[in-house]
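Each structure below is given as C-alpha cells.
Two complexes, one shared chain (chain A), two partners (chain B, chain C).
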Partner chain A sequence: MFSKKFILAALVFWVLSILVACSANSANSDNEKKEDNDNKQKAEIVYASAKDINDMNPHFYTGSMPAQGMVYESLVENTEDGIKPLLAKSWEISEDGRVYTFHLRKDVKFHDGEPFNAEAVKKNIEAVQNNAEKHSWIKLSTKIESVNVVDEYTVELVLSETYYPTLVELSMTRPYVFISPKDFMNGGTKAGVEGFHGTGPYILTEHKTDQYATFEANEDYWGGSPKVKKITSKVLPAGETTFLALKKGEVNFAFTDDRGTDSLDVEAMNQLVDSGDYQLVRSEPMNTKMIVANSSKSDNPVSETAVREAIWYSIDRKTITEDILSGTETVAYTLFSPNVNYADVDLKKRGYDLEKAKEILEEAGWTLEDGDEVRTKDGNKLAMKLYYDSNSSSQKTQAEFIQASLKGIGIQLEIIGEESTSIANRRSTGDYDLLFNQTWGLAYDPQSTIAAFTSKVSYLHTTSGIAKADELYKKIEQVMVSTDEETRKSLYADILKIVHDEAVFIPISNGSITVIAPKNLKGISFKQTQFELPFEQMFFE
Partner chain B sequence: MRIFKNLSKDKLATISVTVIVVTIIVGLFAPFFAPHDPNQVNMSLRYASSSWEYLLGNDHLGRCILSRIIYGIRPSVLWVLVALFISVLIGAVLGFLSGYFRGKVDAFIMRVCDIMLSFPGYVMTLAIVGILGVGLGNILIAFILVKWAWFARVIRTSVMQYSELEYVKFSKASGISDLKIIYKHLVPVTFSDIAVISSSSIGSMILQISGFSFLGLGIQAPNAEWGMMLNEAREVMFTRPELMLAPGLAIVIVVSAFNFLSDALQVALDPKLLNSKKRPQQKSPTTTVKIQKKEVAH
Partner chain C sequence: MGRYIINRVFISIPLLLIISLLTFVLINLSPLDPAEVVLQAQGVPKITDELIAQTKEELGMDQPFILRYFDWLVASLQLDFGDSYVTGKPVWSLIGPAFLNTFKLTFVSSVVIIVMSILLGVICALKEGKIVDKSVRGVSFFLTAMPSYWLASIMIWYVSVKFDLLPTSGMDSYKSYILPVIVITISYAGIYFRNVRTSMISNLNEDYVLYGRACGLPEKKITVHILRNSLQVAISIFGMAIPIILGSTVVIENIFAWPGLGSLSVKAILSRDFPIIQAYVLILAAVFVLFNTVSDIVNAAMNPKIRNDL
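Showing the complex of A and B:
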C-alpha cells in the first residue's frame, strides 16, 4: 500500500510542478519570443489557415480564395471608388450595353513566361463558359455570347443582352480570372489544370496537401515585385493551436478566412496584442452574418413564415455582439446594412421581443400544452436543427445562446457543428433547417448575393419555399438586365422587402475581417471583397 | 461478505467506493443536488468566477458549472455503467455458452469474437458513429457492439477453467440440466472474475466517452457532459485556464476511483494475490503478523 500512496503523492507533485512550470514559462517565453522576432526580421509572412489551399484551379470553387487572390488576377478591379483597371487598362461599352471592348496591358506575362494577350483571355473565358453549370450563381455566365480577339491586346466580350453588373462580376476572384493556357487540360479547365500559373504578384512554388503552401514574390510582376518576398499558408487547427503557434512565432499572421470563421477568439487576440508583438487590424463592416432558413423544407416547421419570424424576434443581438463578440461587431437588423448599394430600404425592424415571438407562434397555431416544453401543432413538434461551423468558436457560442432563448419560447433547436465544406454542401443540397452563413461582402452585395437567391448551389432552397417566390425570381431577373437606375432601385427595394417579410435570412451582426499581424508589418489594407487580402501592398519596417 | 470485509480493510478501496457511491447518488438525483438549471443561460455572468451562489463559477454562456458537472454525471458515468452492464451481459451469455458447451458452438462464437476483436476499438467506434450519426446513444451502442467480444472471450476462459472440475462433472453425470449447472455451480464461482474485469474496464470507458464528447461526437449541446465541458474550456485555455479544472478533476477523480476499486476488488476476491502482493513488504515483522492473522481467519 505504501508504494501506491507514494505514487499518488508523486503524481500530485508532478501535476503541481507542471502547473507552476507552465505559468513561469509563459513569462519567460515572452522575453524569448521577443528575441526570436528580432532575430527573424525577415520579410516573410506565415499565415495560419484552418483549411488547405486545396485545388487552385481558378475556374473552380474549392480553392482557398486568399491564395487564389495572390496568384490570379481579373481584367478589372473593384475598389472603394468603383471599378478600376487591372489587367485591362481601359475599356469601352457599346451604346446598347451588349459589347464590352477591353484594351489589355501589354507588359503582363503568366508565371510560366507565356504572354498574356487577347488569345489567352478568350481561351480562359471560354473555358469558364464550357462549364456553365458550375457558374450558374454568377449571372454573367448566362449572358456571354462570344469572346472575340480584335487584335493582340484588344478583346471583345459580346453579351446576349444588357447586363449592368458585368464589370463587377468580371472583377471577382473567380471565375473570370486568367491562368496560362499552357496549363489547360484537353483544351479547357473543366477536367483540371496541369499547373497554377496566373499573372498575380505571387507564384505558388510548393504545396504539401494539408500541411503548407508556399508563395514567392513574382519578380516580373507588372505592378512591381511585392516587398514581402515569401508567403506561406500553414494548415493549423483553429483555436488554441493557432494561438500557440502565433505565440511561438511558428506563424505570424492570421485572418478571418473565406468562410467567415475567425481562427482565434476575441480574448486570445487581445492577449496577443497585449504581448506587444502583434497588432490587430479590423476592416470596416463588410458583410452580414446571419442564419439562413430553408423555406423549401415543407415537412419542417421552418417552412412557415411565422416560425421564422418568431426566431428573428427571439435573438438578442445586443448581447451577442456585446458579450459573445466583445463589441467587435455591430448589430444587424436587415440582410444588407443600409450603406450597401440599393439597400437603404425602409424595412420593418424586428428587435428582440420574446413576448411578440410567443404571440406570433400562438397565432400560427403552435400551442404549448401544459407541462410541455416544446410547442406543437397537429401533433408535430416545433423542432429544428441549426448547423454551425465547428471551426468557429463564436458560432458555437451564438448557437447555444440562441438555442437557450428559443427554448424559452417553446422552440426546440438542435445544434450541430460540422466542417465548413459540409455546411456549404448542405446549403447547396437543401439538407438543412437553419444554418449560419454570411452575405458575400461589399463587392458582391447586393447584386451577386441576390442573384444567388436563384442559384441552386447557393440560396435557391432558402428562397424557393416562400409564397411570393415566383414574383421574387421575376424581379431578380428584371433587375439584372434593367438599365435605368430608378427602376433598379425600386426593384431592389421590392426584392429586399419580400425576403425581409418572409424572414428567410435572419440577420445577426455586421461582420468584418480581422487580421492579426506582426507589429512591424505595415500597409495592411483590405479589398472590397472579404475573401482576400492585398498582400502585395504589405511591407515590413 | 468476505469481499466487503476485505475491502473495508483497504483504505483506498473504502475511499474509492465512497466516491463512486456518492457520484452515482448525486448523478441519479441530479435535480435535487444541482443548485441551478444546468442549461440556464445568463450572459451577464459570462466567465464569472466562483461565488456563493455559483460555487464553481460560470462558463462562456453564464451557466452554472457546478450544476453542469452534476448533470454531467449522467452521461459520463451512469450511461457508461448501463452500456457496460449490457455488454457484460451479452459477453457473459455467450461466454457461458461457448465455455460450457464447447465444440461447434464454441468455435462459432469465438470466430465471431475474432472478427470483432480484429478491429481496433476506437476505429470500430468511430465507424459505427459514422454510420449511425453523432449522439450519446449511438456511442453507447457502438461501445456495446465493440466491447462484448472481449468480455465473452475472458468469461469463456474463466468458465472453461471451472467446467472441468469434478463437482461439475458429477452434476452432469447425475443428470442435472445444463442450465441449472451453469446457474448453480458456474455463475457463483466465475462471478468474481466478471466483477474484476468489468470494473477494470469502466475507467477506460469513461475516458473514451469523454474523449468522444470532446471531439463533438458524443452528447450534443446544450446537454452537459464532462468531455464536452473540457472542449468548451479548451477554447479559452490560455485566457481562462481555470475552466478546465472542474471537468478535468471530475474525470480524474472518478476514473481513479474506479481503477483503485478494481485493483482492490481483485485483491479482495483473490486472497492469493493479496499475499503475493504483500510478500515483498514482509520485511517488517508487524505486517507479517497481520497477514498470518488474515490467513488464519480464512
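Showing the complex of A and C:
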C-alpha cells in the first residue's frame, strides 16, 4: 500500500526521534548556562506554587498561608520551646486567667508607614470578632469579651472565661494577625480590604492573578532587613512543568503546599538533588496521616472496636512509608507523634500483625466459613468502604494496598476516590465507613484536632459511637479551661488513651514539609505552623 | 442577504437560552449544598449551621430555583456572572483577562495554522501523489498522532532547558508564545491541511478547470480560481476550528502555565467554584454559536445559493 519512499521517510523520521529522545539522559553540557542563571538569581527566591496567593486579607482563609506568613505577624510566636514574644515583647496573665495584658514593641510600623500600636491591635481583633461565625474553629473567638487600650503600647484582652490555649491560638497564621487599619473597608475587614500592609519581613509589591506575586524585603523591618531581598511566588502547575522550570532555573525553590501535597514527586526531587544545583531539606514530623473510622455507624461492622483494631493491625506501615511514599514520611503508631505537646503518652503499641488481627476478629465472632473469602457474623458480611482523595496518587496506592491486606484477613474493603470537598462533606454528614484524613499540624495539635472531636463537621461521627464517648467529651471540655499544667497533662493523656484504645483514628504515617532549594541557600528552617517558612532567616552563600 | 443574517442570528438566540438553562441546571443538580461548597472553597476551617444559613442568605440561595436562574441570566447578559466562591472577586474580573490571554494564544495559533494548512494543502494538492505530497502527509500524520502534552514536555526539555533558547512556561514576552503555538499548530495543522488538500483536488477535476485550460488560461490564473473555490470549505472548517482550539487549550495551558481560560476552568472545577464554571461553559458556548453563525454568513456572502436554504 505504501510506496517504498514513504516507508523509508517514515523510518528515518522514527530513528531520528528515538536518537533525539535517548540523548536526553546522557548529556550534561548545560552546566555553564546554569551558572549564568544562578548568578542572575543570587539574591532572589522564586518559588513554584500550584495556587495563586489569592485574597491576602489576613482575616479570611482564602489566601495562601506561606504568603500571608511573610506579610503579617501575630502578637506571639509558637516555637519548639513554647510561646515566644513577637509583636508583643512581654505579657502578663491575671490570676483568674481572664485578662491578658500585652506590652507591644515600640519600633514596629505597618508597610504603609502607619504605627503599630495598641489602637491598631484593638481594631484588628475587633474586626476579626465582627466576623466571629467564620472563625468558630478557633475557640478563642468565642471567648473574647473585649479589647482595651491601656496606653499607646499596652493592650488588654479580656476573656469571658479561662482558656488555656489563648496564646497558642493568638500565634496562628490567621486570623489574629495585624493589617494596617488604613486598609480597612467600612471600618472592618469583613467586606474586604483595600491594601495588604502588614508588619512582616516582606512587602507585597506586585500581584498578577494566576501568574505571579512579588514580595520585597521590608527594609524597616523591626527584626532587621531580611537578607534575601526578593521573593516571587510563581503559579506553575505541579509536576512536569515545575520540574522543568526548576531544572532551567526559572524558579529555584519549591515546598509542600498548604494542603500537604508536594509539587514534585520523589523521583523528580532526587533528580534535582543529583544534578548538584539543589538541596532537599525536610522538617521533623508535622502531622499524622490517618484513616478515620465512623464509630457511630451502628449498622456497619466498623462501629465495633474489634474490627477497627483488626484493621489497625493489618496495615503494613513500613511498606507504605518506604515503598509507596519512598521514605518521604515516617511510620506512625499513634494519633500524634511524641514531639507534639502533651502527646508523649504511654499507649498500647499495635504493629503490623496479621495473625493477631485474625485472632481479634475470631474472638469478636467474625468467622470465615470454608470456601468463603469474607468473614460473616449473624449473616452479616464483614464489608466496608474507604474513601480517598482522588487527587492524591499516593492515597490511592495506599488504599489499594490496604484493600489487599484486609482481603487477606477476610475483610472486604471497597475503595472509592472522591474530590476533597465531597470527602469533607461525608465527614460532616457521617456518610462514610472509613476515610483518609490528617491532623491539623504541630501548632494546632493537640488542642485543635482534639477540639474537633466534638464538632459535627469534623470528628463527631468518628467519636460519638464509642463506649466512653460521654467521658471523652467531658474531659475535652475540662482540658480547654484547665489552668493547672499537671491536670492538663493527665487529661490529655486520658483523652489520647480513650481514642487510642477504641482505635477510631488509625494512624499510618507522619508527614513533614519538604523544601527544594538552591544548594547555596542557607538558614532554611521551619515553623511550628507548618506551611509558612521563615524566609527572613535564609541567605545565599 | 440582510434577511439571511437576521434569520441566522435569530436562530442562535433560543440555542443560547437552552445552553444557559442546561448549564445552570446541571450545576445546581450537584448533591452538595452550594453554601457549604462556598465555605469549603474559602477554606473556612469549621463550618457551622449558622454560618451556612448566613452564607445562603448572602448569596441569595434561599430563593426558588427558577427565580435564581432568571436573576443569573439577566445578570449574565450584562457580563455580571456573580462572585467567585473561592476568591470572592467578580467572576468577570477573573474570566475577562483569562479569556483575553487564551484568545491571544488562540489567535496567533489560528493564524499560523491557517497559513500552514493552506500552504501545505495547496502544495500537496498540486503535487498530488508525488513524493512531496506523500512525505508531508506522512510526517504530519506522525506529528498529529503525538499527544500534545508529551510533545510539549519534549519541546520544553530541548528548546528551553537544554539549549536555553526560550522560557519554559508563563506569559512574559513574545518568546513565551513560540513553544505553545508550535505545539498547537502541530496538533491541528496536520488535520486541517488535509481538508484544504482534498477540496483543492476535487476542484481540480471540475469542468471549469478543464474549460479554463481549454481556453488557454495561464495555469497561475486557474490555480487562483481553484484556490478561491476550495477556500469556501476551508472557511467553514476554520470557523469551527477557532472555538475548538479556544476550548481545548486546557492541556497546553496547564503545561505552559499559561494564565488563560483552560487553567482557570480546571482550577475552578477542582475547587467547585460554580460561578466560574457556569460562566466558562456559557462563554465557550456563545463563542461556538458566534463563530458558527459568522462562518455561515461569510459562506452565504461568497455563495448566493446557500442564502435560500434557511
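Heads up, the rule we're going with is that the second predicted complex is superposed on the first by the 360 of 541 C-alpha atoms of A that agree within 3 Å, B and C clash if a C-alpha of one lies under 4 Å from a C-alpha of the other, contacts with A are read in each partner's own complex, and residues count from 1 in each chain.
Operating definition for what follows: contacts are C-beta pairs under 8 Å (C-beta built on N, C-alpha and C of every residue); 3 or more make two chains touch, one makes a residue touch a chain.
Keep in mind it's a predicted model, so treat the numbers as computed, not measured.
Applying the stated contact rule after C-alpha superposition, one finds that A:Glu414 touches chain B and leaves chain C untouched.
Between chain B and chain C, it is C that contacts the larger number of residues in chain A.
In the superposition on chain A, A:Thr241 makes contact with chain C only, while chain B stays out of contact range.
In the superposition on chain A, the residues of chain A contacted by chain B and by chain C overlap at 240, 244. Interface residues of chain C, counted against chain A in their complex, comprise 32, 36-37, 40-48, 50-51, 54, 86-89, 94, 97-98, 131, 134-135, 138-139, 142, 153-154, 156-158, 160-162, 164, 167-171, 254-257, 259, 263-264, 267, 270-272. Remark: chain A residues 1-2, 4, 239-240, 243-244, 265, 267-268, 271, 316, 319, 323-324, 390, 393, 396-397, 399-401, 403-405, 407, 414-417 touch chain B in the complex. Those residues of chain A that touch chain C in the shared complex are 3, 5-6, 9-10, 13-14, 20-21, 24, 27, 30, 33, 51, 54-55, 60-62, 133-134, 136-138, 192, 208-212, 234-237, 240-241, 244-245, 247-248, 250, 391, 419, 421-422, 424-425, 428, 452, 455, 457-458.
Those residues of chain B that touch chain A in the shared complex are 10-12, 39-41, 43, 46, 60-61, 134, 216, 220-222, 234-240, 281.
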